[in-house]
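Some structures to go through are shown next.
The same chain A turns up in both complexes below, where it pairs with chain B and then with chain C.
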Partner chain A sequence: MIEIESVSVDFHTKLRTVRALKDVSLSVPQGTVFGLVGESGSGKTTLLRAMMGLTAVSSGGVKIAGEAVRQNPPLAFRRRVQMVMQDCYASLNPAHTVDQIIGEPLAIHRFDNPEKRILQALKDVGLGPEHRFRFPHQLSGGQRQRVAIARCLAIEPQVMLLDEPTSALDVSIQAEIVNLVMRLQQQKGLTLFIISHDLPLVTHMCDRLAIMRKGMVREVITSQDLIERKVEDDYTKVLLSASL
Partner chain B sequence: MSRLEIENLRVQFMSRSGPVPALRGVNLSVDGGRVGIVGESGSGKSTMGRAIMGLLPLTAQVSASRFRFADVDLLAASAAKKRALRGRRIGLIMQDPRYALNPVMTAGAQIAECFRLHHGLVCRAAKSRALDLLAAVRINDPETAYDQYPHQLSGGMGQRVMIAIALAGEPELLIADEPTSALDASVRTSFLGLLDQIIRERGMSLILISHDLNLVANFCDRVVVLYGGQVMEECTATDLAAPHHAYTRALAACRPSLTERLPELRTFTRDPAWLEAQP
Partner chain C sequence: MNTTFAEWLTTDRPASRAQARLVRLTLSFRTLLANRLALLGLAIVLALLVLALAGHWFVGSPTDQVLANRLLPPSAEHWFGTDELGRDILARIVHGSQITVRIVLMVSLIVGPFGLMVGMVAGYFGGAVDAILMRITDIFLSLPRLVLALAFVAALGTGINNAIIAIAVTSWPPYARLARAETLSIRNSDFVRMAQLQGASTLRILFNHIAPLCLASVVVRLTFDMSGTILTAAGLGFLGLGAQPPQPEWGLMVAAGRQYVLDQWWVATMPGIAIFIASLGFNLLGDGLRDVFDARSS
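Here is the complex of A and B:
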């Protein structure tokens, strides 16, 4: 479903060139959950932006569902690939109601029957019709992240990219959101790509995960192997002992 | 060692729709050692730290039957007296160095400022003390870091500068409000090691405010669990392995684990009785 082939990304400043990603190759089959773990500055978010066509790649390429991702991708690409941002306090328009927030992508992608779809999307993420005409500031952090997920799901994507989806939330709320995402993934057969610096969380959610450091993938490992501590890379071991 | 004694502390914020209670009768006593305050967002843990520092906004109403630090009554103290306490005798490390440091002052100038204010040192002496302190918080090249602005520092370095600022007044009590939530797992470990060393060397008391039950259990001697502005449970950190209160148990259970893979993470529903159980 997702094919990342030797992607490199350079950022140019006046003085120097920073290579944010070095020759990253990953492959994620359809309907599976893949995780990306690394410290800040390791290139996780850059890779995600490259996958969304938001950042130009210097070499290599990303293919999603057989189609090469380019900058400013067509509407049909966005329809298939959606993204949930890290900070649900910043990613929802404070001047729009939940109804408008979920309705906007439906209008952009010319879906019929928005009324029904908005209510269904809210129901999918465990919110009721009473939340429909509220503003983001009238919702709790967990409810906001649910709205962000509902906004993605409304247009029925095949691939969902999640950038630190729960790092702004409490553990108890995190558990609810994670269970919700996993339930929806199974119901709808979504392909999920999750970024986080929280190794236990990614291990719980994903079938396979990649450990990144300094723009390179150090190790790709299945969650089962990680739990059984079949770890080869030294850096993964460091990360593992720091997370326990 | 100076004692912090809090009995029946109540804080409420006045709003247009009436008073909103943030703390409802909290007891806490700190006399050396490390105390952890754990709770979710909205449980009142940061309000507690701010109340001790006297940094609550004007809309807050504070009452307590006892609220003392050493020989100072924090309820009756004048603004000047509280100011003399802040930084000098009670230090605060805030959550995120990106927001808490002054963006238009170099890191060194911010530390030197503390020495000038609290110890009456002049420029050059203040600078040399600040450089010593930067070295003490294990910054590799203090001379360079001294002249760097907060945006030029990494998260871990910024957090070390924050400790340096808090230590400059040589406080007897250090309050750390979520000091590691902006840091990566590996940086967090080295940061906590440093904090541990400094507290032991200087014989300070520590109040560590965090939402991370694991972290507090590993780092503190005593733990206070807050929920809805009330203390649910107070125990030693070792007792936290087998907590008594249903809330603490539930909070501990819902973290994903690296040793087993559950089909679903555990969640819990909040029992309204938790808030009524206490007098």
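Here is the complex of A and C:
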């Protein structure tokens, strides 16, 4: 579903060129959950931006559902690939009701029956009709993130990219959102790509995960191997011992 | 029935979009009602509208001259007295409210959307577009409003329509700046980026995501500026560059009463009071609207 082939990204400043990603290759089969773990500045977000067509790649390429990602991709690509942002406070328009927020992508992609789809999307993420006409500031953090997820799911994407989906939430709400995402993934057969610096969380959610550092993928292993500590890379070992 | 309707209007779980909108409107209106002065402002503005729409059925002609009755003081027959040509000042003020309301509405309808568009486009696109649009705005902003309006009226000719154009041309720049500042603060926010990632077109982002957030401050500013518009229109009339005799424009009436201000004070004072009350009303209403919009954004 997602094919990342030897992607490199360079950022040019007046004085020098920074290589943010070095020859990254990853492959995520359809319907699986893939995690990307790494410390700040390891290139996680750059890779995500490249996957969404927000950042130009210097070499290599990303294919999602067989289609090469380019900058300003067509509308059909946008519908297939959706994203949930880290900060659920900032990613919802404060002047829009939940109804408008979920209805917006439906209108952009000209879906029929928006009324029914909005109610269904709310139900999918465990919100009731009473939340439909609230503004974001009338919702709790967990509810906002649910709305953000409902907004993505409303247009039935195949791939969802989640950028630290729980890091802005407190621990008990984190578990709720994680369980919600996992349930929806199984129900709808979504392909998920999750970025996080939280190793236990990613291990819990993902089938396979990649460890990144300094713009390079150090290791790609299955969660099972990680739990059984069958790791080879030194950095992964450090990360693993630090997270216990 | 009455209580259920009240509950229906204030429910926290509306069943439809229309009901949600009504609930929102009701709650905003209650915030406005909680502010006594804003309520007074609203009452004055509504009274002005009613006066403009229906007042002319209750008073005589504003142009009928009865020279035998010139410069009569306020009395039971002529509540506000008569002017130098024996015309009833009350009738002239009531008819003049039509001109005032027309000027205020036209100027607001031209200035608000235009300033909003210029500011949003400049703020959203940035770069050269921003530089060019804002320098043009600066040029208009650097000239004193009344002086520029005078120049426009001098070029276009006198009359109410030209006064409207002159006031509109000179009062849009603050709106462009306001909308630009708001746009700048939200164009890089996550929800705008999210809309881009969903595939929203630029037009859609501007109108659906940015405009609603700029609108609150623009509407409040418009309401405040309505009093300024009334004063500018009256000023143009006073200088003989707006409405022309025998039109019952308030500023023009003050100008005509100037010669008699010591002996027949009512000729200039009555339309002056009308100008004062109308602009006060818009100012108070603007104050209240600001509170309403603040309550929603906080």
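Just so it is clear, the second predicted complex is superposed on the first by the 244 of 244 C-alpha atoms of A that agree within 3 Å, B and C clash if a C-alpha of one lies under 4 Å from a C-alpha of the other, contacts with A are read in each partner's own complex, and residues count from 1 in each chain.
Assume a residue touches a chain if its C-beta (ideal position, glycine included) is under 8 Å from a C-beta of that chain, and two chains touch if they have at least 3 such contacts.
On a predicted model such as this, the values are computed, not experimentally measured, just so you know.
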- Between chain B (first) and chain C (second), which does A:99 come into contact with in this model arrangement: first, second, both, or neither? second
* Asked: Touching A:91 in the superposition: chain B (first), chain C (second), both, neither?
  -> second
Note to self: Tell me the contact category for A:18 with respect to chain B and chain C: first, second, both or neither.
What the structure shows: neither
Would you check which partner chain A:133 touches, where first means chain B only, second means chain C only, and both and neither mean what they say?
-> second
**OP:** Could you look at A:176 and tell me whether it touches chain B, chain C, both or neither (first, second, both, neither)?
**Re:** first
Inquiry  = On the A-aligned overlay, A:56 touches which partner chain: chain B = first, chain C = second, or both, or neither?
reply    = neither
Check: Just chain B (first), just chain C (second), both, or neither: which does A:83 touch?
Finding: second
- Message: Which partner chains sit in contact with A:108 here, chain B, chain C, both or neither? Use first/second/both/neither.
- Response: second
Interface residues of chain A shared by chain B and chain C, listed none
The answer for chain C against chain A in the complex is residues 12-15, 17, 20, 23, 189-191, 193-195, 197-201, 204, 208-209, 212-213, 296-298
As the complex stands, chain B meets chain A at residues 40-41, 154-155, 184-189, 211-213, 250-251, 254-262, 264-268
Residue set of chain A touching chain B in the complex reads 39-41, 141, 170-176, 178-179, 182, 197-201, 203-205, 223-224, 226-227, 238-240, 242-244
Listed in rising order, chain A residues that touch chain C in their complex are 52, 54, 75, 78-79, 82-83, 85, 87, 90-97, 99, 104-105, 108-109, 129-130, 132-133, 135, 137, 151, 155
